[in-house]
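We call the chains A, B and C, going by the order they appear; numbering starts again at 1 in every chain.
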């Protein structure tokens, strides 16, 4: 990654603050991630680990109770954090698009498919009604929807779940964005349709040179789709790097546990629940490493002090004292005694 | 679907039956039917004739049968005061009530919908609290008090509007506002809650993700969905308005159904009172039935249920 | 051997949490509304002592006197006199008694009927439930005021009749809500245990169900108080409520209406303010109680 990355998150933090200001939930905490043009990044973690909040942070569409408290979001060389809302609207849907989890609920039941697919074109490119309609038909065709001419005039309730998800995909790519964020795009689809949809996304990525961020808790999808992987735990990225490296030799005990908890690649819908203990309460995190209470390898320092992000020599980083330079050797030495 | 409609229709018929039974029993058992159904000051012979005409010497169930049968044939009795059939009187007044209700409804929606949207968009902030106070006032203030204060300000002190009667559009303004304000509060609350629900939906989130300006997100994507329950409520309330305008029509001497009810009570013209109550109750039962059916047609979950 | 000492942040969070709930216990307490209600109750109880004149006797020689601060007003009649020369302040004071008595008793009558029928209907189910709920649905379809006028036209006006009429009109509101609560209580563990333990239906309804719906009944009663007072005032205003010459606020406004066009504003404005204050206070208190005691009733 010698040239400037497409998206670079630098020490990004977003917190939920309760009305009285007494409760602070660190939903996204000191996240640093880089993503080059055309690359695919997978973000995995349990529910509540901050993945979805991270995506909404990038889009600057956090719920009212949450705000960005620090860091930068560099996208195409500009910091999105201090863009005014009006300029941010021109990024959303045009430069960065996002696909939501639930295709049944993300289409407005009262408007035609054509209206909803063409809407970003009308807003961002000033397309006329007729022009947007024609391009909506073309977009439906590009997401492999049969007889787009008739489908375009129909309403969401006349479509199957898989079709709706494709339509949501068509809305995503309508303005040819540089980056597409997909938040668990396939959880509500059945297996065959899921596979078809993933293939479609890959083709679209190739055709349009899209960068993709895949938010999922399905490691099977990550293995199939992604170049880079970031593992999130309690709002922090605990390990990141090339997918193959991490899968072969996870550096963080949490990643190890995650990988250990997928039984078979064929049964890749199984969710990651097989780790002992509960995910931590984000409003009262332990003092040290937030994974320490569940970590089989934790030692005294883990409970006292949160580990920083250590860079490993193969392009990975890990937030774990075990990855600190010198620690591994001394532990080995201890074990040898 | 068919089953659902049949079941609903059955409930509505049952309600109509219970309504007629309620009215009948209250008149025959609680009150003194002779005193209520014969003119005040009638002679002993007249009373005997009436007793026979209403079949008061017959068993109760026969009396009930006569009562229902005469209602079903449109015979609601004769007004003591006006000396015309009650049904004629009713239809004479109905257009005025409809006019008042229509204008009041327009005002209530004009006030209720925008303030409900504002309260939902600025939830828990200034406009939301202001809206809550407004709704509380609307539901707490007695209508005759609002009406009298309006008369005091606009008729007595400013002299802009006529204090009572009908005929011009100016006559309509104060009664329509008084009646509409109460309903504006209800419409505001409904708009607010349904708007809040819609604003939390995925398709509104997607509309924002598309980069639409807030005016389109709210004005197009959220509003159209949020208005469905509001319009339904307004439909029911339009019928309710016709039947609850007694106080307003009395204060402003507006010659509608409510005024008719008031006259019925003050002139001890019981057939009129009874007719207004029976027709009003039936109307509301019917409109509720229609709304149920309409919802069944719109909502696929109910459609699939059967 | 690992000893996990509780992290400092956790205890801190717990401390602030308990402090904030203690604070919340009083937060939003409707002090002004409660004060107003207590004041009205006080006035109602001690009306005989507080009122400067007999509320029902006036003298035509001193009719239509304006309040003291207007030209022609005098300190003898602080808030002026009405069309037969009765002191407005004294009538307002005794009117508080009428409103309080009618309002509270009617709410109680409606509450007792509605709660009992709601419990029977919800717990017994079957045809009892069907009958109660169909009657409730039907009666709710009748606009309350119209229904009350109809009943008043039948039985004739008197204070006792008004109370019975309002009770009869408004019990349905309780019945529907209480029935819903009973239906969900029936699924709860303690009720099932009581059934298994062989308690009779009567004992279950009386000992286990009733205490658990009483909160909702109280909240409803507070909210209904305002509605009932407005309805009573409306009935009196229309001439089918409290019979004259009793000093009811609604009746005072009806009398005062005739003087309105010639500028005798005090005859309608003062009783109106009294009704408004009482109803608003009852509603604010009810709203607060609802959030406090029974969050499930929020949709009411």
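Just so we're on the same page, a residue touches a chain if its C-beta (ideal position, glycine included) is under 8 Å from a C-beta of that chain, and two chains touch if they have at least 3 such contacts.
Everything quoted here is computed from the prediction, not taken from an experiment.
The greatest centre-to-centre gap from subunit B, using C-alpha centroids, is found for A.
More C-beta pairs touch across the B-C interface than across any other pair of chains. A straight line joining the Cα centres of subunit B and subunit C is 23 Å long.
For this pair, subunit A with subunit B, the centres built from the Cα atoms lie 53 Å apart. Subunit A and subunit C have Cα centroids lying 54 Å from one another. Those residues of subunit B in touch with two or more other chains do not exist in this structure. Of all residues in subunit A, those touching subunit B in their complex are 59, 61, 89-94, 97-98, 100-102, 105-111, 119-120, 123-124, 157, 168, 171. Here subunit B touches subunit A in the complex through residues 201-203, 205-213, 216, 220-221, 224-225, 300, going by the rule given at the top.
The part of subunit B that touches subunit C in the complex is made up of residues 11, 14-15, 18-19, 22-23, 26-27, 30-31, 36, 136-137, 139-145, 148-149, 151-152, 155-156, 163, 240, 243-244, 246-247, 250-251, 261-262, 264-266, 268, 270, 273-274, 276-277, 280-281, 284-285, 288.
Residues of subunit C touching subunit B in their complex: 134-135, 137-139, 141-143, 145-147, 149-155, 226, 230, 233-234, 237-240, 250, 253-254, 256-257, 260-261, 263, 265, 268-269, 272, 275-276, 279-280, 283-284, 287.
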